[in-house]
Amino acid sequence: MKLFSRSLALPLAAILLAATPALAASEADFKTAYAAADAANKEAGTLRDQWTTTASALKDAKKAADAGDFDKAVAEAKEAEALAKASVFQAKAEKEAWKAEVIR
Amino acid sequence: MNMTDTRFSTPRRLILQGIGAVALVGLGNIPFVSAAFAAANDKYPEDAFKAKTEADAIKALYGKPAEASDKVKLDAPEIAENGAVVPISVTTTLTDVTSISFLVADNPSALAASYVIPAGTMPSVANRIKMAKTSKVTAIIEAGGKLYSATKEVKVTVGGCGG
Amino acid sequence: MASTIRVRASATGDTTEVQALIQHPMDSGYVKDAKGDLIPAHFIQQVTFECNGKSVFVADWGTAVSKDPYVKFSFKGGNKGDDLKISWVDNKGASDTTTAKIA
Amino acid sequence: MRTAIQIVSAALALATLVLTGPAAKAANSVDPAADAKAFQKYFTTKFPKLKLSDFVNGPYSLNEDMHRQWVEKEEFPPYEFALDAGKEMFSKPFKNGKTYADCFADKGIGIRQNYPYFDEKEGKVITLELALNRCREANGEAPISYVKDDMAALTAYMAFTSRGKPFDIRIPSDPRALAAFENGKEYFYTRRGQLNFSCASCHVQNPGERIRAEILAPALGILNAMPIYRSEWGGMGTISRRFISCNSQTRGVPLDPQSDEYRDLEYYLSYVSNGLPISGPGARP
């Protein structure tokens, strides 16, 4: 049923992306990763389709960074970026896809 | 049955109406109330409500065991629309009823509500209770000094798709 | 302040049906608030119903009675126009009373 | 990392193609009347046993066990206190002596079924909740929250005075009104949030189905009982509060109450339910 096939694609994609850092991440790595995630999430905002999970990943990233755990902070920021990018993709895809579901 | 009842003010003659008006024969005799246990007089049964399990609550409240009886008609939903508001009611054809209680086995404390039924008051009560999770719900009726009960399982879970 | 007790008492023949809805949070003490702290238990413990000075119903409630609690019962011996006195007390000692006429 | 994102877009692109292929009929000519007819026909065919007015009871018309629990609640409904509070607030004068009645046609009594309406001067949809706050501001009072009890109490009282009156939403032949209607329709059918659901996923494709404890309400007549006392919230909820909570259910970040999309969504949902009676305030799980 189309309801399930599509909704599984996105969460699965997000889980796939838990990157494992090779060497210890620095604060600079965190800043770039966080900036990328934040930018993608802002774009999702302009498309009026941000996800609550992106917001919480960003929050976790900042919390980890504040605690000095930059490995975790970068990983969380990367996940936030992936989620934000997926939400942007969803918003763009839906610009046309919604018409197919309208009751005729 | 009128599905959309929009007359707000006038009292409703709906299917539940019948529960309230169960006529009870033979109320003439004045029951001897042995004030042995808290349920008989009006003091708030503190420890019964503090009891965790159903058995302890019944012991604290009545001090005697209850036996299942088909004369106790317990009305409870199969799946509660929401654990916060579960409409439960009980009625009975038993006579000389002095107390009615509702217990939810798996709630943090089993005794939910207990009602003193003076002479002249019908042995039927409707109320809305809270249930933590799927659990057996028991109604107990004290009639002529003996305890009768009926039990039903009510499924309870949260709603919505998770958020 | 309007009473916290809403009552509908109607007599048909010699049987009076009583419905009461009481405005009260009925906090069980098991629920956490948004910040994660436990909301302290605050619930009505006893509601008494008297008609012409005689007790017709007493409700003892625990922590499992719904918010804005509702109860319905019937009794014999009440007539149209009689007074029905209802009062509740909660575990913090707060209380409220109202008197309704049987319709 | 890059490749992972490409996998996501490839999978989605494929899914979108499959979907839009068959129904590629251009839907660009906006015809609200035809939309409403098709909308109501979809639901009356899906639930032939229901009368049109039954749809205003949402889940309670689709499940007997739920219906009995609703009947019990309606004996002495939990929204009783909000209704009385709303009636009192509605007639309490502002500091300047005026009351809400002075802001509305027919003193605000029995007019809920005309909301939301399209304001041709401003070129946008005005909902009852927005009109109430505007009335406050016009009389020197601070606006109140769209999701809290006071707004729910006021709209509960106004809805109650319209009980039984059929929804009567008008779309003037102003292109901006048609655009607002279309914008609401788009929002209704657009999938959002990480769970990738649209309003239609639940309320068009799966009404009557269970979603854990709840039964999904049909989209037809879904706003007729607003505002609602939800057992889930242990309190009243306005339309704004309901839209917000639906968004977060699908892990979508909600918009601000009364933002364009929400007002247009309410415009669309109310228009396609024209003819169904107002039954607010309502009780829901």
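Points to keep in mind about this one:
Read from first to last, the chains carry the letters A, B, C and D; within each, the first residue is number 1.
The criterion applied here is as follows: contacts are C-beta pairs under 8 Å (C-beta built on N, C-alpha and C of every residue); 3 or more make two chains touch, one makes a residue touch a chain.
Here the structure is a predicted model, which is why all the values come from computation and not from measurement.
Considering the contact criterion stated above, no chain is in touch with chain A and with chain D alike. The chain pair B-C and the chain pair C-D differ in C-beta contact count, and the higher one is B-C. Across the assembly, the mean Cα position most removed from that of chain C is the one of A. Distance between chain centres (mean CA atoms), chain B to chain C: 15 Å.
Here the CA centre of chain A is 51 Å from the CA centre of chain B. Note on chain placement: the centre of chain B and the centre of chain D lie 37 Å apart, centres being C-alpha means. Touching of two or more other chains is recorded for residues 52 of chain A. The set of chain C residues touching two or more other chains comprises 8, 67, 70, 72. For chain D, the set of residues that touch two or more other chains comprises 75, 78, 195, 197, 234, 248, 251. You'll find the chains touch as A-D, B-C, B-D, C-D. Note for the complex: chain B touches chain C at residues 11, 19-23, 27, 42, 44-45, 49, 84-86, 89, 104, 107-109, 111-118, 120-122, 124-132. Listing the residues of chain C that touch chain B in their complex gives 8, 10, 12, 15, 17, 26, 28, 30, 45-46, 48, 54-67, 69-77. Residue ranges of chain D in contact with chain A, taken from their complex: 1, 4-5, 7-9, 11-13, 15-16, 19-20, 22-23, 25, 27, 35, 38-39, 42, 185-186, 189-198, 200-201, 204-206, 248, 251-253, 255, 261.
By the touch criterion given at the top, residues 2, 6, 8, 19-21, 23, 67-68, 70, 72 of chain C touch chain D in their complex.
Considering their complex, residues 3-6, 8, 12, 14-16, 77-87, 89, 126, 128, 156-163 of chain B touch chain D.
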